[in-house]
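Below you'll find the structure I mean.
In order of appearance the chains are A, B, C and D, and numbering begins at 1 in each one.
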Amino acid sequence: MRTAAKVLEEHRDELSRLDREIGDGDHGENMHRGFAALVTAMERDAPDSPGGVLKLVAMTLISKVGGAAGPLYGTAFLRAATAVKDTGELDAPTVAVALRAALDGVVARGKAERGDKTMVDALLPAVLAAESAAERGEDVPALLRAAADAAAEGADSTVLVLARKGRASYLGERSVGHMDPGARSTALLLRTFADVASGHR
Amino acid sequence: MRTAAKVLEEHRDELSRLDREIGDGDHGENMHRGFAALVTAMERDAPDSPGGVLKLVAMTLISKVGGAAGPLYGTAFLRAATAVKDTGELDAPTVAVALRAALDGVVARGKAERGDKTMVDALLPAVLAAESAAERGEDVPALLRAAADAAAEGADSTVLVLARKGRASYLGERSVGHMDPGARSTALLLRTFADVASGHR
Amino acid sequence: MKKIINDPSTVVEESLKGMASAHPDLIEVQLDPAVVVRADAPVPGKVAIISGGGAGHEPLHGGFVGRGMLDAACPGHVFTSPTPDQVQAAVQKTDGGAGALLIVKNYTGDVLNFETAAELAEADGVAVRSVVIDDDVAVTDSLYTAGRRGVGGTLLLEKVVGAAAERGADLDGCEALARKVIGQVRSMGLALAAGTVPHAGEPGFTLADDEIELGIGIHGEPGRRRVKIGTADEMVKSLLDPILDDLPFAAGDRVLLFTNGMGGTPLIELYLAHGIAERLLAERGIVVERRLVGPFVTSLEMQGMSLTLLKLDDELVELWDAPVHTAALRWGV
Amino acid sequence: MKKIINDPSTVVEESLKGMASAHPDLIEVQLDPAVVVRADAPVPGKVAIISGGGAGHEPLHGGFVGRGMLDAACPGHVFTSPTPDQVQAAVQKTDGGAGALLIVKNYTGDVLNFETAAELAEADGVAVRSVVIDDDVAVTDSLYTAGRRGVGGTLLLEKVVGAAAERGADLDGCEALARKVIGQVRSMGLALAAGTVPHAGEPGFTLADDEIELGIGIHGEPGRRRVKIGTADEMVKSLLDPILDDLPFAAGDRVLLFTNGMGGTPLIELYLAHGIAERLLAERGIVVERRLVGPFVTSLEMQGMSLTLLKLDDELVELWDAPVHTAALRWGV
């Protein structure tokens, strides 16, 4: 999570710039604020189970991020926390289940469908990739790499579509040609998780 | 006066630009508004004596120009009107006396001295030039040309001095290097009167 | 970016502190989580009227906290909806035993955060209702978007419902009144130049010297259409026509006309625009019975304006005229 | 230049029309010569309080016409002092038999035009007094300039003297009170960006991205010094220190603190600056008893602010608190 905070800090301006193009320009700042608060919270009192960490992430994002992204990411991490319960070490099938739960949470709150130009466009293909990786019996690093690749592709795919949810939807046709900032931050987070699990960062 | 209105319209932007540099940028607009109103007033009911015309100019400028220039030019023309009384045709000595009266009026109202960077810096040398021209026995066109030359020189001289009266005085040292808009408009008016008297316009 | 600030990350907090010091008799400000509460809260037996949203729209909402309007406001970061814990704190601080009505502007973030907050507050044992205001007619295809946004009409809603609550209306009554107001208020705005979010450092959008953005929201998000700048007559008409056609408003209707500045447009222009709107309404036979002119629902220093029309009846006129004592709106007291 | 206007030459007139339609209960507007008069004028037996000046400073002065403040305001063209016939008309329309007090801001043009107007009004048989307010401490060498300018303090003067006149003070009393207020009010302002006079089409001055103009007037005239932009703490201090040193204000003094916006600076920044000023005053032991925050004495859409401090005593506090009902200031009624 510390790494995720660093990645989000590095990409703060990029995310805000994406949000400025089709939204209100605060997505980078929002995400950075949330994850910076998370680092502080973890330093104070780090939970020892994966589920505990996920729950802390959820509560911190909900109370620090605000905007659309706060409750959506918050719900995602909360549902993931519930899905992994108090498992000690996560295996690939559990990670796939957790990702699916996160997606379901985002959709339950935000009611976005694939192609609406939101974070769902990154998260949904990531979940599908994770599930088939788990089925193929791959390990957690490989599963997360597959999810991250799919999310990145999904984020790229948002460039060409017209926004139907969130602030960007007010732009109508003019939202076409810009990547969705929330999809981009989802892809960034998954890439970070994959890198950390693979020992790259 | 119609010609004066035209000249002021032509120079409206120049005067306002000068005023923007060291004042509030409205001198051209103020003068243009006043003389445009004067043209309308003259078309409605033109007085037949020079004194009558000068009085109409005064009253129109006082009620239409506003700012510092309105009451100052207004007083100048009013005093000039009183000075020429109901003379039918103006001779050179009378013109010199009228110009002196105008200057006295401006000074009485505005309390500016020569070198304060105001219209006085154009009007005072013009009066002196007019008086010596009258003494030399020159005719009205020649007198007005001398006055206009002196006023132009006087306006130029305001570039180098520091403003001590009017809005430009707030700038202190920074007023140096810019011509005073009121001195410039005085020089323009006298040049126009000279041109008209000489049959050039 | 040129602003009178110390640090982009402390703007909202420092501004709230300044607001607290400016109005010690009216409000109390709590910083973490950030809430502006009326000084005499909780008022026993009174329904608490609570609103909130991103900062940068001042005086909305904190400037409307006080007698006869809001009991509390929850300011988020600039243009970012507040978090559920802020709203939960506001409910706790203003709970007079009669429940709370949350006034939410229709933005995905606001709706989601207030939704969560309502769940938290209900769990605390307070009866909570929410209404979502979506008065911005600039958003046309509501089916294919997050829906219409809440803009200038929010102020009118807060005033009218605040007056009813002050008079003792119960939670059902307040909610029903709010839905009625939402049903008959419509707005639209335009921008000549965007404002700059402090931590972004650059304007939300950039317009050419001869362009305006028609149908802007209040969050620096671009509008729906970029058009050549016209005369004031044309610009006012381009705001008013879609509003009139939408409800629709018809000859004989009694209305409140609210001419709102976006933050960077001076009053001399707002009054000029207001005069045009009044003339256009008179031509249509619509009767302007109440009016408000000024920068009340702003978007930082955005240059621009919005128009809001609320259809009036005797009840609404009476509630509009009822005493109000807040930092930004005050009369009758 | 981007503005919501039809034509630079009709801005003031059209804006006045809009203002009239926005406040039919409060004011009456006459267009030629232009005068804004309180709706119930003349008030028999009351001293008429009249002010005026160039347009572009809205709500000053027209927004302060009404019960407990001004009887009439004379708006000139943008940034151009009004003409004597306007002031003469204002005196005639508000003459309740007790004379008129003219509140003149110290600018050569205003002083000269009001002087002429006073002569005209006296000739009409009305007792007229004039006071000239010059609260701007930015002008240091008063001996070598047209003297200090009248800026933010004008509002406080109009409020206090207006309250006294409303209570029945006679012309001598109003004049003496005005001189007292002028003696103990001080202001200073700064700009981050200049406004644009409609018929000029270009900003009054241009600042680099990291510059501010310190000591600006309200007419778009540049200030005395151009300095690098600092933090809000530094900027507020650079306004407050010269004010405090000038009167001087000392520990234990009771004051009214007025944090004024120049037209293009949003409330979020004004409150932030206000909070800093309150803190600095508290550190000096100066007691802020009353405050006002908002864009009240503006310079078109200039980005910037000014601070005004008025030394208070019981009389002034009472007059400040007295009911006022105008377009821009209203309380107690």
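Brief remarks on what is shown
Simple rule for what comes next: contacts are C-beta pairs under 8 Å (C-beta built on N, C-alpha and C of every residue); 3 or more make two chains touch, one makes a residue touch a chain.
This one's a predicted model, so the numbers in the text were calculated from it and none came from an experiment.
Of all chains, the one whose Cα centroid sits at the greatest distance from that of chain A is B.
Chain centres here are Cα means. That of chain A falls 74 Å from that of chain B. Measuring from the averaged C-alpha position of chain A to that of chain D gives a distance of 54 Å. Rounded to a whole number, the gap between the C-alpha centres of chain C and chain D is 29 angstrom. Separation between the centroids of chain B and chain D, computed from CA atoms only, is 32 Å. Within chain B, contacts with two or more other chains are made by no residue at all. Residue positions 78 of chain C are each in touch with at least two other chains. If you draw each protein chain as a dot and join the dots that touch, you get a simple line with two loose ends. A list of each chain pair in contact follows: A-C, B-D, C-D.
Here chain C touches chain D in the complex through residues 2-7, 11-12, 14-22, 55-56, 58-59, 63, 78, 192-193, 195, 209, 212, 229, 231-233, 235-236, 259, 263-276, 278-279, 288, 291, 293, 295, 298, 300-301, 303, 305, 330-333, going by the rule given at the top. The touching residues of chain A, when paired with chain C in their complex, are 16, 20, 23-26, 29-30, 33, 62-72, 74, 109-110, 163-167, 169-172, 174. Only residues 33, 54, 76-85, 107-109, 112-113, 115-116, 138-139, 141, 144-146, 149, 197, 199-200, 202, 204-205, 217, 219-224 of chain C touch chain A when the two sit together in their complex.
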